[in-house]
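All chains are identified by letter, namely A, B and C, in their written order; residue positions are counted from 1 within each chain.
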């Protein structure tokens, strides 16, 4: 959350764990701030959906940077306790609220950049994958899709976005290993654009966003739309919805409920060593 | 072939150069063992097809690791002398036996991992590409598609699998250079998931396979099927068959026969310096 | 432009800034030579189109290497002053002359390799992307798509070729950053096959081209055609034309004309610090 100049405004979105900083009319920053471990729950998803309404209505915005108020957790993962509160039909496409958010960020008429420190797992990874670009701290970022180790599957876009970037083999390793990966491996796999030394990361992203904010919006939009269209048409919201449905099917199996129950006893969803080293602990669950 | 625990069983498949080691009901290892240079001939292809029958019928298996008994040759290449013995129609799809094997490994309801030491060329590379993931020894693995240098083309899946992982430009370099590549380049090109220092390779793969063997099979299967489907539908057996037909067309040209004749005189298909440095020797053939 | 043996012939194409060196009947080199900054103008595009006529009619050619006579500029970019002279309909497909050239290089029955020293930007990058492979000097090559910073978009193939190689996220960064990238980043992003130390680059490319020139043409052609077909059908000339039309639409906006006007005052299209560090200067234009 370092910037070189004094921002125009810094405001918390009412009722949502999001801080909106306007560096200029064309360059905003949105900071995820849901202590203690930045869970992606109903308030954050609903806040992001309202953010998309605001972004889509704005005439001057060109680039938005997403970061986290918590250096240990960009986003821990989906809030499985409060997950049931999320609207199952939301937005114009008749998809779930999360799929609507993911699809609207991906296709927005502004450029989106995620800058990552801390753990980013599950739906957190799916959030950054929906952005146009992502850059991470070599020292401080950790990446994981840990759904399979809980008897689930990635259901919020990872199976759609990641194979386009990493190829099927590396996406498969990420998902079925259900383990944590460091930023250099995420960089090699195309999961992120690039990993930077922590003390270079903000400079790169701020310079990039500042450049973009000075460019012509029609040029940015034509370029973005064409690249997404050519890359296999880009991920399809209805395909993401299909994966999301599969996720909920698996979630209802007693085996998944039993695994989640074990995890809860171990401190899952709280600030704990289990959350901190979740990839490691998932490898030990089967024998418990 | 290092594992941490005593396996349940180690058996040679009758009539096939394959050793099946069961580390647990959920985690098997299959070791390719066709001395002296691990040629992929009719017995190995037929053995792999029978292995797929066994795998598809098994209810407990979740993950299978493929390795080689020979540290110098994972698989040298297709046995061009005995190649004619392979059934031209085999399996339910009406494709050749190899295309059937390749397609069934790729779409199997278990996770497949290749761990590579030694040379892996031609159909050997196509075998590992059909697996879900592949990891190789930085010091000991060598990769090549050397068909073009023999007047042929890759005809067992490489033109289908590799461009999805490496992009067209690097697949083109691999195939038309008809030369050997080291493990670090294979890693950069996405030909493998990752190269590891030789003394770390087994630990990584055994830990990965052990993790997977403890996970829920429906979660693994839903994840694998979705990733393969999203990655452009995945390689198609009928497209592989088309490339295979093209391979045999080229094979029948007198120019290809002449090149193969020269190679035979130089020790091709035997334990020889020609096999050891085949990429190098192919660059010298035109002037002979 | 280093080769080990005396070439058969070295000739300048009449009326075009292209030098054709025949190392053998099967291996030609084409050197781009349009001083002082190797602009891609009407003469170079027309020359490349005539080159394609020659290549398509030749029966012995197998591989062509493209390099530059200028170590500082492989190709600076499109000549925006003389761009209007280019035929809008050219070749059999009814597309513009550049799209015709790009499509014919990409689908040619010979293997094309670009070897890059110096800056390669805009249409220069689109030229090398149309080739089958590209290798660059770690020390001397610089890559950029700087169209967006001029109020334009890449309109000569980059939005089609690059996402297939780099994925959408890295193609997006390249295009909307409108900045210069070094050869190691271009290597990581798949923009090029590989970066080599400057003193190793020619050896690698000459050895590769020499190997290819000794191989069977039907094997090379079947391999190339299959790989291009499998990689998503490969970029489509009509899609490139669509992007090209969008480029010209943006070009006619007064905002783009104003940006180009400012650049002209700063020494754009001449041997100047503006051309040398164009990525840098584009970041300063908005505030001028």
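The rule we apply is simple: a residue touches a chain if its C-beta (ideal position, glycine included) is under 8 Å from a C-beta of that chain, and two chains touch if they have at least 3 such contacts.
Note that the coordinates shown come from a computational prediction; the quantities given were computed from them, not determined experimentally.
Visitor: What rotation angle, rounded to the nearest 5 degrees, superposes the C-alpha atoms of subunit A onto those of its identical copy subunit C?
Guide: With C-alpha atoms aligned, the rotation comes to 120 degrees.
Visitor: How would the subunit B/subunit C interface be labelled, same or different, where same requires over half of its residue numbers to be shared?
Guide: Comparing the two copies, subunit B and subunit C contact each other through largely different residue numbers, since under half are shared.
Visitor: Let me have the rounded angstrom distance from the C-alpha centre of subunit B over to the C-alpha centre of subunit C, please.
Guide: Chain centroid spacing, subunit B to subunit C, equals 36 Å.
Visitor: If you look at subunit C, which of its residues touch at least two other chains?
Guide: 164, 232
Visitor: Of all residues in subunit B, which touch subunit A in the complex?
Guide: 111, 132-134, 164-166, 187, 190, 193-194, 207-208, 210-212, 214-216, 218-220, 222-224, 226-228, 230-232, 234
Visitor: Can you name the residues of subunit B that touch subunit C in the complex?
Guide: Going by the criterion above, the answer is residues 147-154, 159-160, 162-164, 167-173, 175-179, 185, 188, 232, 235, 239, 243, 246, 250, 253, 255-256, 259, 282-283, 285-287.
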